[in-house]
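In what comes next, subunit A is part of two complexes: it sits with subunit B in the first one and with subunit C in the second one.
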Partner chain A sequence: MDSLLMKSNIRNTSIEEWKQKGGKTIGTICCHVPGEIFHAAGLLPVRLRATGCTDDSEGEVWMSSFACSFARSCFELLLDGTYDFLDGIVSSDGCSMATRIYDNYKYYKKKEDSNKFYLKDIGAPRINNTKHALPYYISELNELKAGLENHFGVEITEEKLKKSIAVFNESRELVRELYELRKSDAPVITGADSLKITLASVSMPPEEFNAMLKKYLAELKTRKPLNDYRARLMLIGSAIDDPEYIKVIEDKGGLVVCDATCYGSRQLWEPVACEGEAIASIAKSYLDKTVCPRMSQVSTHNELYDMIIRMVKDFKVDGIVYAKMKNCQVWGSETLYFEDDLKAANIPLLVVEREEIMTNAGQLAIRAEAFIEMVEKEDN
Partner chain B sequence: MSEQFDLIKYLSDSVDSLLDYMKKKSPERLWMFEVQKSQWGDIYNAHKDGKKLIYVSACVPPELIFAFDCVPCLLDAIPTRLASQPELSSKYIDFAEQFVPPTMCAIDKVDVGTVFSGDMVEKPDAFIYTTYPCDNSRAIYPAIEKKLGVPTFAIDAPFRKDDRGYRYLADQYKDMVVFLEELTGKKLDWDRFEEVMDISNQTNILMDKVSTLRKRVPCPLPSRLLILNELQLQMIGHPGLLKFFENQYKVGMSNIENGIGAVPDEKYRVTWLQNMLWSNAGIMDWMEKKYGAVLIMDAFGYQKAPLFEDPKDRERVFMDCGRKALASPMIHGASGPAEIYLDLVDQVMDEYSINVAMFVGHVGCKHTWAAAKMVKDTIAEKYDLPTLLMDIDACDARYKSTEEIKEIISEYMESVVGAKPIQ
Partner chain C sequence: MSKASETEYWRWAEHQWKNPDIPDWQGSLVTAGVDIGSTSTQAVIMADGKLYAYSSIRTGADSPNSAIDAINTAMEGTGLSLPDIDYTVGTGYGRVNVPFADKTVTEITCHARGANFIYGSGVRTLLDMGGQDCKAIHCDETGKVTSFMMNDKCAAGTGRGMEVIANLLSVPIGEIGEISLRVEEEPEPVSSICVIFAKTEVTRLMRAGWPLEKVLASYCRAMAIRVVRLLERNGIEKDFAITGGIAKNAGIVRRIENMLGIEALKTESDPQIAGALGGALVAKDLIEKKGSQNFQKDRRRVNG
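Let's turn to the complex of A and B:
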């Protein structure tokens, strides 16, 4: 059996075992496709990512060099068979690039002339402070639920949904416990390994993830603390799904203690508060949580900034590394909102441009080292 | 200290100069400039005329703004207007790049640059934006809201373009009316709204007729008019735009009656399948002269729009606002699921007898570039035509020189299409 960290691989033994038992898997794109609904349908949700992608040339043929390389790389892995264990894909319009992964794959699959593969896109509001947003999103999720029931011949009952919410909430609680350990002056886990764990959470059955993470946390508490780091860092940015990226920074003496990224803390932080109807509870939680600057309203940017500042304090961060994915306008423009505030708050910020395929590791290492030198404190 | 440059005054004055010039040089073409005078003059004079000036984005129904006797200023119309003046557009683009990534769409960079530089001297009374058309605009509009510090109303545009989407928009448009009522201190005058809807419907009917004229072989209207048709996004419901389409239709009909085409010998019927090349519109004239190649219709072109079916039915009217918004150019093609974009491309290819397809792709429009292969394959499979893929910056002329663009098009026309230069 793979260790929990090994489950961060896109293809791992948990998925293999699931498939061997005849289980169906659904690839999900972006942060507003709730895993709970698939789980309640007896399906395994696997969030699409491109961890380990080393060649996105076919993705570029389809999506062009102007597309974000994360999206191109995800599409590459859909084409090259990495994701051949999927029985469907469900996307939300997280950003335009995420949408195009889905659109291109739908177009590509059309040629197969098969209705076996489940394809569905849902809309997620970008403004959540109106009285219309939640009912709209609930309708979208109800349509998804009905579509899954129809396609896979299952019934998604209220009871099943509530059980799934509880399972996913347990994952969230355990991940928060993991992050609590990182607040310590001498944390017991690196940022790279922490990312592997949150990546594993989107690539395996949640019950198995919970059981493995519980054991892992118990083991972590007995581990020798890491105290040879020079600076405590926070990593912010979009789809950072590559632990190697963090390792480059950590190899230079920076310890990434927290993050605001798509595959890190943001996806598994706030629990779904189950009040009343399950789908409505899921919708409210997914719509309200501060996940991504995709939301087009000042309040979200303010909340994101407040959350970052809170984490900087709670995790005793010396500096922030802001990894901007090239061609990502959503995260890329965030400096418009908080750069001045961060300066005013005297929080050092390193802005680095990132491509999904790590071709600039040397440059990242040099810049990270210089930044660490700048922000390190004598008592670290 | 140098005086603050007033961009809107400059745009308004420029149109005045052009009008004076055209009165002497070719008065028969005056109608093309009068509509621009209505556009920029109204914005510049809004406060002098005692009207509220409201900055808006795409999908904010101009009809509702006009019904309140306010003046809409479509922020995205400024970059497209400035695109032909690189000395100005580049100033704002460079200014914006202090804050936003250089990969951001130049339309949005100019939006940021004009607002953040202070050159939009006259402060608006309000800002109303939607979450369309793309990630770029979604990223900057809230920042512009913060910068302006004026009453703002934001509308969430739905991903889906069906009744649920229309309803979602309709409900928010009703809230927008409440916002406008509070802003202006007066209730929506439905009779006045009906008058505006009537102008809007007449204009849309004419727009449809003009598009139908363009289906004729040879095309009776020149390539360039496609750019001016875009004024619909800001001015639908304005009498000036109705007059513009009346004139355009008259000219088109007259040309047909007299057997006149956009060029003396139309050889190629071209479509551009992404944004318009605002930064180098002269390329269209050059294609006409060099190859007899007329830009018949673009994929984001203004062809047909839903009408207000029953202006007295208040519920239906707001649903129609939603339908119209989601069918508007750029939105119907570039935002939402790619299938709709592909259907549109197919429709343009089919209905306008296109024999040359070019994806003249604005680099800032990354999500349409991410659909380019689907566009190209759709055309190849159904129409057996190769599509030229050419990257340009629709608003930043520095990206690719005129010579470079001409060379790429020439190579394609002569080696792939088999065209022979006329001159």
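Let's turn to the complex of A and C:
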């Protein structure tokens, strides 16, 4: 059986076992597709990503070189069979690139008799603080719930939903505990390994994840601290799903101690507060989170950056590495705002362009190394 | 192939310099910096915090050999040999390929440090125009980097791009800048920033009958616009200086100055050695931090 870190692979033994037992899996796109609902339906939600993708040429044929390489690579893996364990895909309208993974796949699936394959896209309001936003999102989630019940012949009861919320909240709590360990002056885990754990959290049954992470945390606490690093870094940006990317930075002596990225801390930070009806509780919690710059408005945009600045203090960060996915309009159009914010807060920032398939490891390495030289404390 | 077509117009002069004020080396602390760039390699030797000697050669296919060639060339006529050098920092693209280096430091850190030495502690904004990339650097009064930005994945706006144009137009690389300034009015810049496409466009302009100076002006202007954007992204603050090989190209420097409305600091020294010089300075710091006592003792022994 795979170790917890090995579960970060898209295809891992947990998914294999799940399928062998006749379990169904649903690929989800973006963080506004709540895993709890699938879990309550007895399905395994697997968050779509492209970790380890080495060729996206087929994806490019479908989506053009204009599409962000993360979306292209995810689509490539849908086409090349990496995701052949999926029984459906559910997407939210996180960004137009991610939505196109769904749209293109739906078009692709048309060619075959695909009634068995569940496809659904839901809307998550970009502007989340109007009186219409929450009711709209609740109705979208209710429609998803009804769709799953109908397609898979299951009943998603209130009780099952509340149980699932508890399981997912436990995952969040354990990940928070993991991040607490990273606040230490001498952390026991690298950023690359921490990302593997949060990737595992979206790639295996949550109960199994919780059990494995509990054991892992106990073992971590006895581990020898890492104290040969030169600087503490925070990683921010969109869909960073590649531990190797972080490893390039860490090999240069910059320990990544925290992050604000799609597959890192972000979706696991706050537990779902279960008050009243379960779907409404899920909707409220998912919509309230300051998760993604797609929700940015002048009135609320500071929330995300306040959070980043708070984390810089809590985790004693020396500098931020912003991995800017090429062609990402959601993060790309934010750059100027937060560069000014960070400058005002006196936080050093390194902006590096990123593509899903890491062909520019050397370019990242030289920038990371120079940045580490710039922010490291003199007495190191 | 005719002899004429084999002329290497891109070839800039390799050179060596030794401080005439230090005729016979008697210093107690000798450090070196070797900067292996993608296109050129420099070695700088410092004695007791003074610039003592340097060399600048073309980076060959074999980086370790280029490093050895550069340091040997720099040591010519100094009476020094490798064991006399207390500490060497390797920097640049090939920094891990300096066989005799005690430590490697990135060229970003080294260039800022070197520029601080060459141009004085007032330097805040630095533009390093290297062989295959360029960097906008902001630094403090000690020459420590406070922010930087590098261009991505493209040789446009770099020395290598200029070499390609020199060969294409059969103009010695050292003359491009001056010739490009002979235009009365600035032409439109070439529209592509890609070296390959720019080459195509330059060919088209020549065919369209543009005089040589106008074509060169068009190319230099495009290069200047490109690096000015990089500088603006990183923030510009006086004093401003340019390092790297392109700092010797007046056609680029003048245009950058005009666009920024700031004059770049000038130096009698060679702006191309800033990286290696920074390396030698970092080496000196490291030794002093570790305590120079031991090193000085060793030195006396070496000198009898």
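Throughout what follows, the second predicted complex is superposed on the first by the 374 of 380 C-alpha atoms of A that agree within 3 Å, B and C clash if a C-alpha of one lies under 4 Å from a C-alpha of the other, contacts with A are read in each partner's own complex, and residues count from 1 in each chain.
FYI, a contact is a pair of C-beta atoms (placed from the backbone, for glycine too) under 8 Å apart; a residue touches a chain by one contact, two chains touch by 3 or more.
Keep in mind that this is a model prediction, so the values were computed, not measured.
Asks: Determine, for the superposed arrangement built on subunit A, whether subunit B and subunit C clash or fit.
Replies: Subunit B/subunit C on subunit A - fit side by side.
Asks: Determine, under the contact definition given at the top, whether A:W62 touches first (subunit B), second (subunit C), both, or neither.
Replies: So A:W62 only meets subunit B here.
Asks: With both complexes superposed on chain A, which partner does A:H132 reach: first (subunit B), second (subunit C), both or neither?
Replies: After superposing on A, A:H132 lies in contact with subunit B but is clear of subunit C.
Asks: Between subunit B and subunit C, whom does A:P348 touch in the aligned arrangement: first, second, both, or neither?
Replies: A:P348 sits against subunit C, while subunit B stays out of touch.
Asks: I'd like to know which partner A:Q363 touches here: subunit B for first, subunit C for second, both or neither.
Replies: A:Q363: touches subunit C, not subunit B.
Asks: State whether A:M97 touches subunit B only (first), subunit C only (second), both chains, or neither.
Replies: first
Asks: Report for A:E373: first if it touches subunit B alone, second if subunit C alone, otherwise both or neither.
Replies: second
Asks: What's your read, subunit B or subunit C touching more residues of subunit A?
Replies: B
Asks: Nearest 10 degrees is fine: what angle do the Cα centroids of subunit B and subunit C make about that of subunit A?
Replies: 80
Asks: Look across subunit B and subunit C in the superposition and give the shortest C-alpha distance you find, in Å.
Replies: Between subunit B and subunit C, the shortest C-alpha distance works out to 6 Å.
Asks: Under the stated contact criterion, what part of subunit A meets subunit B in this complex?
Replies: Residues 61-64, 66-68, 71, 93, 95-97, 99-100, 103-104, 106-107, 121-127, 130, 132-133, 136, 139, 293-294, 296-298, 300-301, 324, 326-327, 329-330, 332-333, 335-337, 339.
Asks: What residues of subunit A sit close enough to touch subunit C in their complex?
Replies: Where subunit A meets subunit C, its residues are 348-349, 351, 353, 360, 363, 366-367, 369-371, 373-374.
Asks: Touching residues of subunit B toward subunit A in the complex: what are they?
Replies: It is residues 99-101, 103-105, 112, 129, 131, 134-136, 138-143, 145-146, 154-160, 164-165, 168, 171-172, 175, 336-339, 342, 361, 363, 366-367, 369-374, 377, 391 of subunit B that touch subunit A.
Asks: Quick one: in the complex, what on subunit C touches subunit A?
Replies: By the definition above, subunit C touches subunit A via 93, 105-109, 144-150, 152-153.
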